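Two complexes follow with chain A in common, the first pairing it with chain B and the second with chain C.
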Partner chain A sequence: MSIQTILLAALDGLSYGAQVFLVAVGLSLIFGVLRIVNVAHGSFYAIGAYVAASFSLLIAAEGWSPWLTYPAMILSACLVGIVLGGALEVGLLRRIYGKEQVLQLLVTFAVFMILEDMQKAVWGVSPYFIDAPLGLLGTVNILGINYSIYQLVIVPFFAAVVLVSLRYVLRRTRLGRIVTAVTDDREIAAAMGVDATRIYLLTFMIGASFAAFGGALASGSTSLVPGMGAGMTILSFAIAATAGLGRIEGAAVAALMIGLGRSLAVYMAPEFDVLVPYLIMFLVLLFKPQGLFSVQQTRKV
Partner chain B sequence: MGITTFLSGSASVFGVPGKNAAELLIADLNAKGGILGVPLRPIFIDEGAGINQLMSEYRRVVLNEKAEVMLASVSSASCLALTPVAEDLEVPNILWDCSSPRILEDNNYKYSVRTQSHSGAEMLAAALYLVKNKADFKTVAGVNQDYAAGRDQWGLFRIALKALKPDVEIVAELFPKFGAPDYSTEISRLQALRPDVIVNTSWGGDLDTFVQQASARGVMTQATFVFPLGESSLQRLGGAMPAGVIIGGRGDHYFLHPKYAQEPAFREFVERYREKTSAYPIYPVLHMAQAISALEGAYKKAALTNDVPWPSKEQLMAAFRGLKFRGLTSEVSIREDNQGLEDQLIGTTVRVPEYGFAVLDRMSIYPAELVTTPIGAKSADWLSQIRLETANDPSIETFEAKK
Partner chain C sequence: MRPEFLPGVAAALVLALVPLLVPWTTVMLTIALAIGLSVLAIVVLLRAGQVSFGHGLYYATGAYTVAFLVKARLSLDALILIPLGGLVAMLIAVAFGFFAVRYRDIFFAMINLAISMVAFSLLEKLYHITGGGDGMNVARPTLGGGRLDRAAFEAWMFYATLAIAALAGLLVTRYLASPLGRALEAVKSNEMRLEYLGVSGNHVLHVAYAISAALAGVSGAIIAIVNGHVAPEFAYWVRSGEFVFIAILGGAGNVLGAFAGSMVFEAIRNHAAALAADYWQTTLGLSLIAIIMFAPDGLTQLRFKRNKTRP
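Then we have the complex of A and B:
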């Protein structure tokens, strides 16, 4: 294995890892705060992608500048996270906090199935395909290989922005401390005057927006098909589990590991391409069953 | 009649056009009085619900809804699961779109019949077209979906190509995940290897994503691409699909068919299909037309030979053997082993101002007898015996490049 192979694999792994990180970090954040395993998380990814694609089509149809597709992606992510995520939290999840996890799984799985059918009803079954974002920025040549600037720079850039700002907000701001306090002990935090219900809603909207943003960015480079949310749910679970559920930085490291592992596999053992994320998860969980970055939990009695 | 087809999941890009075609064609048939005066009532079953659900729905439609004939399926996995069920229920079962040659080569079924070709013929035709139309190539890479059909199709193509051109070097065999959203690494590796030819048997969203990402990174012009199932993606891909790509239509199917595009019945069907769905028909639509035409033909033939108003299912199955019928393109016949003999159309893309997407030019039609595995042989064994002369066989129809 040459240095060149490793470098090329790292560049490819970066773009892939960045995309799945955005989805996994949302899942992880929601679990960390709300303690709910949200199977419908991949639906936000898919719907974010479809909404962004619809905006792109609208922009193209109206003859507006194709550069507007980039802000439209951020807009669609917020829209999906706030409207759909908010409705789901207020209408449904609020009733099942603290209930058995099997029930939570079943309820969110039902939501996932309903949203899958809703996507088909709204956007149909034919693949959607938006080529403006990828084409606008062109390519850059590294070691004789053309990379698309969109995949190599833009997607990882946004992932880094999300990671850094999430870290900053959680560690350095008043809101972040409140969220941390609610995560630690909802009852005590509520007793101190924190509106925990509002924090739950806010966290869920943000987590859902991240997944939708991952989808919106994906809509620029991949075609949108029914069922795309399911694959992403599984992968983001693998990443969140590898990192330790609720670990933000851990999700970034795990996403990069899986991205890099997958790329190396394509160069060295393409047969194992599909297996690699789960192999990494398996190896990590074998030695650290709580995930790579898990912290000791004190058991509450 | 029961019809299994994908109404959900990524394969609904084939399943839904198939259903649309069935609705259109069955309405036409019923308007003429149905088959032997009996109108058809279709019951659609979603293949996307998973094999177990599919099998129980199939049984339900036969036992409770009393379907007299079944059309199954788009996916080879569905066909492999349903053919034994059809034997068990003793219900005539038409394999209308599934491609695996193994279904009929590894088994001897009484109640299942295939009204189209299989991937052995499809891959051979693509390989023959490639060696004939691309003069000097030494290196080939395969990028195929990691599931049964993706691996089988690449395996068959590889065997045929090695037999036709033993000196060819396979430089990479990549199997990205089925439904993968990102082919960055595969595309980087292809750029590093610079193979002369890149073969990809993907379809639907996967093929669209691959072409979109490869095209954005300028790879589509660095090699000759072969997409044996690409006919179904051309309209969606629009400007991303460049000229010079070799495209197959899984049989004798293309809405601008060089022999039939001007035929009134064909033209009228294309227009009506377009009115109903706002798209031009793709190969599953024409496969559905073949299945329904075969069904009509077999009932009529069985009634005539046995001199009965409505044949029994044994008489119907006997009538399929040796049946000749026409869907919307060339005539198809069914062999003694229940396998359909269907011609194969392959072409190369060009860009023309009339359409917002790439269309096929320099088409060749490979006659079914030339490219279909003979009765009793296994496709993998037979393809390994193919000789280069076959690529220049006089029975191949070629159509010159248009202006």
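Then we have the complex of A and C:
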């Protein structure tokens, strides 16, 4: 295996890891605050990608500047997160917070099934491919390898921005402190006068927007096919679980690990590339059942 | 005979008459009974308050085991192939169970989902071994030593499936009433107290997991023989989701409910699904939400208080 192949795999892994990090961090954030694993999370990813692709097609059809596709990605992420995510939280999830975890899982699973059908109904089953964002920036030559700037710079850049700003907000701002407090102990936080309902809604919208943003970025480099949401739900869960559910920075490390592992597998044993993320997850959980960056929790009898 | 088995025996006797009166329902009923075994697998886990979104894996294992054995031209009888399918599924579950049963709730459901999706991808990608997305054809095996024509084979497969389903129903009822089965309810309600009694919750769940996988494997093996074809979709999350859905629909804790639910489900799929084929999952999803939100009393087995959160 040549040095170039390894470099290529590393670049692929970085780009892929950055993209799945965005989705996984949303899942993790939502779990931290709402204590719900949203099985429909991958649907936000898929719908975000489709909405961004539709915007790109609209921009191309109207003859507007193709540079508008970038703000359109952010716009579609916010749109999906706020409208769809908000509707889901207010309309459905809010009614099931008191119920058992199994029931909560079943409800989000049902939502996932419904959203899968809706994607097919709205965008059809034929694949979409949008090349405007990728083509605009061209490629860069690294050690004799031509690599697209979009995948090398833009995607990891946005992931880093999300990570840093999330870290800043959670550590330094009043809102972030409140979210951290709710994550830590919902009941005490509520007793201190935190309006948990509002925080839940806000967190869910933000988490869903991250997933949709990951999808929007993916729409620039991968073709969109039905069923992409299912794979992403499981992958982002694998990342969040490897890191420890609710760990934000840990998700970045786990996403990078899994991204690199997967892209190495793509070059060495392409049949098994889907296996690698889960293999990493199983290995980590075998030794650290709560995830890499988990904190010890006291058991309540 | 114990009185609690009477409804089951009566149902089996009535069912045995149906193909004689309405012959065109034979295959549909066979499929419904076979799917009912997979639903029963979910019901066993629901006793412990756990749900698996990945039982398609064990269903597919049973089905592909039969497909490979038939392809290998060992000329095994259907009555040998079916238990073998269950056995292989159970062995995989015993091995994977060492990992899976350490987890509860969210993690248990999602880890099962993850492993089944890995299996799905491998079945699809390892084209030379598994036939890829096209799946494999399963030639009609002998049944009870005889090589039967299509109509006779279908009829006798129905009776074989009915007998297997009745046996499975009986055994699962006995198992759930045994100390090991009762311990499952304790895993659901308060596992810590169970452990203070000196019983390992993980072990109790491991046994249930293996039994549950064997049921799903037998179910897949029957479907492979009846359909004459297996495909990677057997391991896809939609299939696993359907099992869970039927288990909830049929009234979660109930052995007979598993089969009744799968009969209703199969009938609806055969007739109503043609009207709204594109919205099949939406229909399932909406009914699932409706049951959970508005008819929670139907979910007797799921209503429990769990304060403890374990990953």
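By definition in this document, the second predicted complex is superposed on the first by the 282 of 301 C-alpha atoms of A that agree within 3 Å, B and C clash if a C-alpha of one lies under 4 Å from a C-alpha of the other, contacts with A are read in each partner's own complex, and residues count from 1 in each chain.
Basically, contacts are C-beta pairs under 8 Å (C-beta built on N, C-alpha and C of every residue); 3 or more make two chains touch, one makes a residue touch a chain.
Since the model is a prediction, treat every value here as computed from it, not as a measurement.
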Next item on the list: Record, for the superposition on chain A, whether partners chain B and chain C clash or fit.
Entry: clash
Next item on the list: Applying the touch criterion given at the start, work out whether A:Leu8 contacts chain B, chain C, both or neither, answering first, second, both or neither.
Entry: first
Margin query: In the overlaid three-chain picture, which partner chain does A:Val274 touch, first (chain B) or second (chain C), both, or neither?
Written below: both
Notebook entry, point to check: After superposition on the shared chain, which partner residues are touched by A:Glu89: those of chain B (first), chain C (second), both, or neither?
Noted result: neither
Notebook entry, point to check: In the superposed arrangement, does A:Lys120 touch chain B (first), chain C (second), both or neither?
Noted result: both
Margin query: Quick check for you: in the superposed arrangement, does A:Val225 touch first (chain B), second (chain C), both or neither?
Written below: first
Margin query: Under the stated touch criterion, which partner chain does A:Gln290 make contact with: chain B (first), chain C (second), both, or neither?
Written below: second
Notebook entry, point to check: Shared contact residues on chain A for chain B and chain C?
Noted result: 116-117, 120, 231, 271, 274
Check: Where on chain B does chain A make contact in their complex?
Finding: 7-10, 12-13, 15-16, 146, 172-177, 179, 181-182, 184-186, 188-189, 191-192, 204-205, 208-209, 212-213, 215-219, 236-240, 279
Margin query: Under the definition above, what is the set of chain A residues touching chain C in their complex?
Written below: 35, 37, 39, 92, 95-96, 99-103, 105-107, 109-114, 116-118, 120-121, 230-231, 234, 237-238, 241, 245, 271-272, 274-275, 278, 281-282, 285-286, 289-291, 299-301
Next item on the list: State the interface residues of chain A toward chain B in the complex, per the touch definition above.
Entry: 8-9, 11-13, 15-16, 19, 116-117, 120, 125-127, 129, 131, 134-135, 139, 144-148, 150-151, 218, 221-228, 231-232, 262-263, 266-267, 270-271, 273-274
Check: Which of the residues in chain C come into contact with chain A in the complex?
Finding: 49-51, 53, 99, 102-103, 105-107, 109-110, 113-115, 117-118, 121-122, 125-126, 192, 237-238, 241, 244, 248, 278-282, 284-286, 288-289, 292-293, 299, 302-309, 311
